[in-house]
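Presented sequentially are two complexes of subunit A, the first with subunit B as partner and the second with subunit C.
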Partner chain A sequence: MSTPTVIAQGVSKRFGPKVALAGVDLHLASGITGLLGPNGAGKTTLLRILATVLAPDRGDLEVLGHDPSTADGRLAVRRRLGYLPQEPGFHRSFSAFEFVDYVAILKEWSDRRSRHDEVRRVLSLVGLEPVMGTAIRKLSGGMRRRVAIAQSLLGDPDLLVLDEPTAGLDPEQRLRFRELLSAVAARSTVLLSTHQTDDVAALCNRVIVLLAGEVRFAGTPQELAALAEGRVWIDSVRDAAAQLAWITGEGMVRHIGPPPAGAHLVPPTVEDGYLTLSEATAGALV
Partner chain B sequence: MTTWHAPPDVLARYARTPEALDEVTAASVEQHLLACAECRSGVAQAAAPVASASWAAIADVIDRPRASIVERLLARFGLPDHLARVIGATPGLRVAWVTTIAVLGLGAAAIARDTGSSAVFLAIAPLLPLGSVLLTFLPAEEPGGEAAAATPLHGAGVAIRRTVAALVPTFLALGLASAALPRLTEAAAWLLPGLALAAGVLLLATYLRPVLAATTLTAGWVGLLTAVRVVEGRHLALADTVVFEPTGQLVALALAVLAAGLVHLRRDHFSTVEVTW
Partner chain C sequence: MRRRLGRLLLGVGAAVAVLGVAGVGESRSGGPGILAVLVVAGAAWLAWGFVQRRRPIVASGWAPAIAVAYRPSSPPPPASPAAVSLALARVELRELVTSPAFGVGVGLSGLALYLFGVEWVGDYGGNLPNAFELAPILAHPLAGMVVLAAFRARTRGQRDGVEELLSTCPAPPTTRTAGHLLTAWAPGLVAVAYLLLLMLLVERGSPVTFGPVGARQAAAIAGAGLLVVGATALGIALARWAPWTLVPVVAVVAIGFLSTDLATRGTRTTEPLRQLSTWLGDPTIDVRLTAQHWLAHHLWILALTAVVALLSLLRDRRSPLLLGAAAVAVVAAVAAGTLATRPIDASDARRIAAMVGDLEGQPCLDVRGLRICTFATDRALADALADATRPVAAAAPPGVLTAWSLHQTADTDWDHLDPEVRSLLGGPPSADGVIPAEVSGHPLALEGARLWTGLAAAGVLDDWQPGTTLGLRGQARGVIALWLATRGADADTQKALTTVGSSRSPAGDEARPWPDSCQAGVTPVQWAVTDVVAARLLLQVPETEVRSVLAADWAHWTDPDTSTDDLLAALHRGPVGTHGMTPSGSRC
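Right, the complex of A and B next:
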């Protein structure tokens, strides 16, 4: 593993009575790390803390070699960071160009010509050059998502924190996004939160599973899939003993759980591993 | 087919600065280019950076976001155009808000003229700068959304510049409205309490959410005026109570200076989304 870009130890965050993060430890290095977890698991809180927009209540954090709890450290991190929030909340009367240009100014691109060149470059990367003069309110949901992705790419950041980047993208756009992200990850550290386990399987060299504010798994996608090894089988009828079962497109029933004798076992996917882990945490499979 | 080719430096000058060549040389190059594909290619290569730069300049003019009135005004006062954009893009600074303040101020001043009492104006005018500060802090007022909070410029520098940019037109509008008040001494009485409340909400926003900070101060201001009326008697005009008399004005000035100093000490708190929003 190369030098860590992010080191978190015992990071905790509470919102009133609700514990969002309960002592998170993690190391991130170059490449793409996927962050999986159900709604309310603390993914967005963790990403906001790593993006320096939220301060943890407790714990130690080092991002890109700096301590974000200090003003100087936070500034140093923000100069090398790209952040896609879950809800960008952009000012919708702005055009795509104006919005990205505005964020570029906040990222200290003070020279207008070079800034505008950079804005065109990132909008071109997400395929929005033809509509860059269009008001954001007139763009489709997927296009708005791409505008938000474009601003996160400004200046080729060393750390890219993306909260559900593929939400709202159609299948072709998702594939293009994967292509773009794999190119970015060749020189940066990318952390992306997602509900799409196929994105994790296709893109990520590491995966972290966050459940109830705690890191319950950190490893490769293959290792996550392996958690369901020997627990996934296909049958023509539903087995009542299975903890999870669903009918596939081929009309067969895919089961996860302790298999019956003679079951037709199949290789598990990342999704199977994730479901096994989350069900085990919930106590269903233990 | 010719075996002679024009010298590269001559081709480059022909492509980039043809006016720098004498007429005979330019005519010779032109004549030669008609017959020589290799030199035509050389001219195209030499001209490429010029064409690219021209295109970039054209694209820059086309794409350049149109500056708002506020931005143009800020730029006229010497602010660099990128900072003018960051400050002027805040919707809370729009003309509509200043117009609202002016209408409210003029309305209150008109009531004062009709009734001979400036109580309504003096009660609401100091709260309007507070409202201006609050507007610049609302999430909907940040054109960059949450993404802006993870950028290097996000923090006290932008927050305080935006506050000042919001307060200047607010005070100007209120100043104009207060000119309609019956007595000149009353016309200026709102100024220092208004400044104290504006600085106060900025300070309190480093501890509480801005809306809660503004609500707390508004409630405090209304409570203060009510208490003063109760203690000093209802027969006394509001303008003649301790709040707007010299003692009250000095206290307001001291509070404004104290709050501004504490804001400076707590400037780091503007840098995280929890505090700012």
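Right, the complex of A and C next:
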């Protein structure tokens, strides 16, 4: 593993009585790291802390070699950070170009010409150059998402924190996004929070599973999938003993759980591993 | 740009439409229904905006392949906060000046420009110092809407849910606030340009203009610009400290009431607390008879602007530099406020006393014995009054006006003058031999001067006491006064002066020589309706014939015992009798 971009130790965060993060330990290095977890697991809170939106209540955090608890540290992090919030919001009267340009100014891009070049670059990366003069309110949901992605790419940040970037993207756009992200990850550290396990499987070289505010898994997608090794099988009828079962497109029933004797085991996927882990945490499977 | 222009014009249209529906600005002369046109234009823009919203959502694919198109970049070198603020200001300026709220302000200003620069331009009476110093009042609607526009611009991030994203950018909120503050010059400049245009319209549209325009008047216009700059800063400060939707509305209304209350405090021309209002002009008096500490007042507004601007920055950054600057601004505001509310300077009191009391020292024009005297700077007014009264004096026998003069003096009640001025004067200047006409360039004031001169020439004023109504019922001298007043006048004015019921006639509904019953107090003279009819009959007689008859025995015709019918008989006209009376009394 290369030099960590993010080191978190015992990071905790509460919102009133609710514990959002309970002592998260984390090491992120270059490449794409997927962050999986159910709703309410603390993913967005963790991303907000890494993006300097929130400060942790406890714990040590180092981002890009800086301590975000200090003003100077936060500034240094923000200068090398790209962030896509879960619900980014837009100035609806702005065009796509104007909005990204506005963010670029706040990213200290004061020289107009170079800034505009950069804005055009990131908009072309997400395929929006033809409509960059169109008001955001007139763009489709997927296109707005791409505007948000574009702003996060300004200046090729060293750390890219993306909260559910593929929400609202159609299949083609998701594939394009994967293509883009894989190119960006050659230079940057990317933390990708998603509910799309196939995105994780396709893109990430590491994956972290956050459950109930704690890191329950950190490893490769293959290692996550391996958690379900020997627990996934296919049959023509539903096995009542299985914890999860669904009919696949081929008409067969895919099961997760303790297999019966003689079951036709199949290789597990990242999704299987994640489900196994989350169900295990809930005490359902193991 | 077209989209933003539409947004701005939407605001303009809305403002004009609302005022149009409210009936503001209806032409006094029943002229073109410009408001109706503007209302229709506003409605059209609203419809255009509606159609725009209904347009289909744009969708576009994502191509070509990214791997081919991908070009790496790098972050910019860290820029100074000032450079970021300046770059941000360019964007925020565009947003501010194209916002609907600003559009409403521009719409209101445009309407005021039309009303006060075209439709009602005569109401300034040609007094340029007054026009300049009253003009800042008309910048207040723009200032109020700018508060709203600036507030909405600075809270846009919260409304649009963008704050989380923007908070992860290196530029801190203080830099963003500074960027917004740097836009304040533009609304200020718009205010200055608008008021200068208004002054140009006043100068061009008034029949006569007079009075010096100097530093004080220039400062008044600049001060209005400064006020709008302050309004921008206030909107931004409110956005930082109380970013709730209704806050700017409440603030604007509260400041509006407070300013109005301050500006109308007391009856003295230089009431100390008046200086703390957002405007200084007093429409009830020639501003030259007031001694506002105008420079201190503008410093007061400047200091307040600095205070609110620094407050907006202090919301997110309390550095020693900012705190120190805020402390200096507060001290400056207190000092300027104290200076502005100090008693009238002795030199000002002497100057005003001389203007009001030294009637003998005024430069005068001689119009066939009638002396027309104005302030030394107002020769153009004297010329206009001379032009108006010359035909009247010419129609009267020589010498009948030598005992009379028209003087420009305090156009307000004695009690409204500052105590220091009153003390220097000792009492109101003697009114002996002074025709009590309003000395102004207003067209109706010029008409009034003609009638007052006619009354003086006909000997009516010899019997009249200020504050009383003198009955001229059935007296030939009353008819002669009306006839004299019509000399040299155009047909409309002649008709107005000899028509009972004409709303603009001094001899009309309220039988008022001028300016109107509200300002004249008790109506000075009262005719029989038949006297007014007789005056109309005299208009049908050649002037030379009337003059000849009158000159033959002027003392007889101006004797109170000589009747209207006697005069008509001498001119070979049938009697009209004595019926009815023109109205009298004060009816505002």
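Everything below uses one rule, namely that the second predicted complex is superposed on the first by the 286 of 286 C-alpha atoms of A that agree within 3 Å, B and C clash if a C-alpha of one lies under 4 Å from a C-alpha of the other, contacts with A are read in each partner's own complex, and residues count from 1 in each chain.
Criterion: a contact is a pair of C-beta atoms (placed from the backbone, for glycine too) under 8 Å apart; a residue touches a chain by one contact, two chains touch by 3 or more.
It should be emphasised that the depicted structure is a prediction, and the values quoted were computed from it without experimental measurement.
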Three-chain arrangement built on subunit A, subunit B and subunit C clash or fit: clash
First, second, both or neither for A:Met132, with subunit B first and subunit C second: first
Partner chain(s) touched by A:Ser140 [first = subunit B, second = subunit C, both, neither]: second
Partner chain(s) touched by A:Ala241 [first = subunit B, second = subunit C, both, neither]: neither
Partner chain(s) touched by A:Phe90 [first = subunit B, second = subunit C, both, neither]: both
Touched partner set for A:Arg113, first subunit B, second subunit C, both or neither: first
Which of subunit B and subunit C A:Arg176 touches, first, second, both or neither: second
Larger contact residue set on subunit A - subunit B or subunit C: C
Which of subunit B and subunit C A:Arg187 touches, first, second, both or neither: second
Subunit A positions touched by subunit B in one structure and by subunit C in the second: 48, 51-53, 75, 78-79, 81, 83-85, 87-91, 98, 101-103, 105-110, 112, 115, 148, 151
Subunit A to subunit C touching residues, read off their complex: 48, 51-53, 75, 78-81, 83-85, 87-93, 98, 101-103, 105-112, 114-115, 118, 121-122, 124-128, 130-131, 134-135, 138-140, 142-143, 146, 148, 151, 154-157, 172-173, 176, 179-180, 183-184, 187
Subunit B to subunit A touching residues, read off their complex: 56, 59-60, 63-65, 80-83, 85-86, 89, 91, 139-140, 142-155, 158, 268, 271-274
Contact footprint of subunit A on subunit C as seen in their complex: 3-4, 7, 55, 57-63, 65-67, 69-76, 78-80, 83-84, 86-88, 91, 95, 156-157, 160-171, 175-176
Residues of subunit A that touch subunit B when the two form their complex: 48, 51-55, 71, 74-75, 78-79, 81, 83-85, 87-91, 94-95, 97-99, 101-103, 105-110, 112-113, 115-117, 119-120, 132-133, 148, 151-152, 161
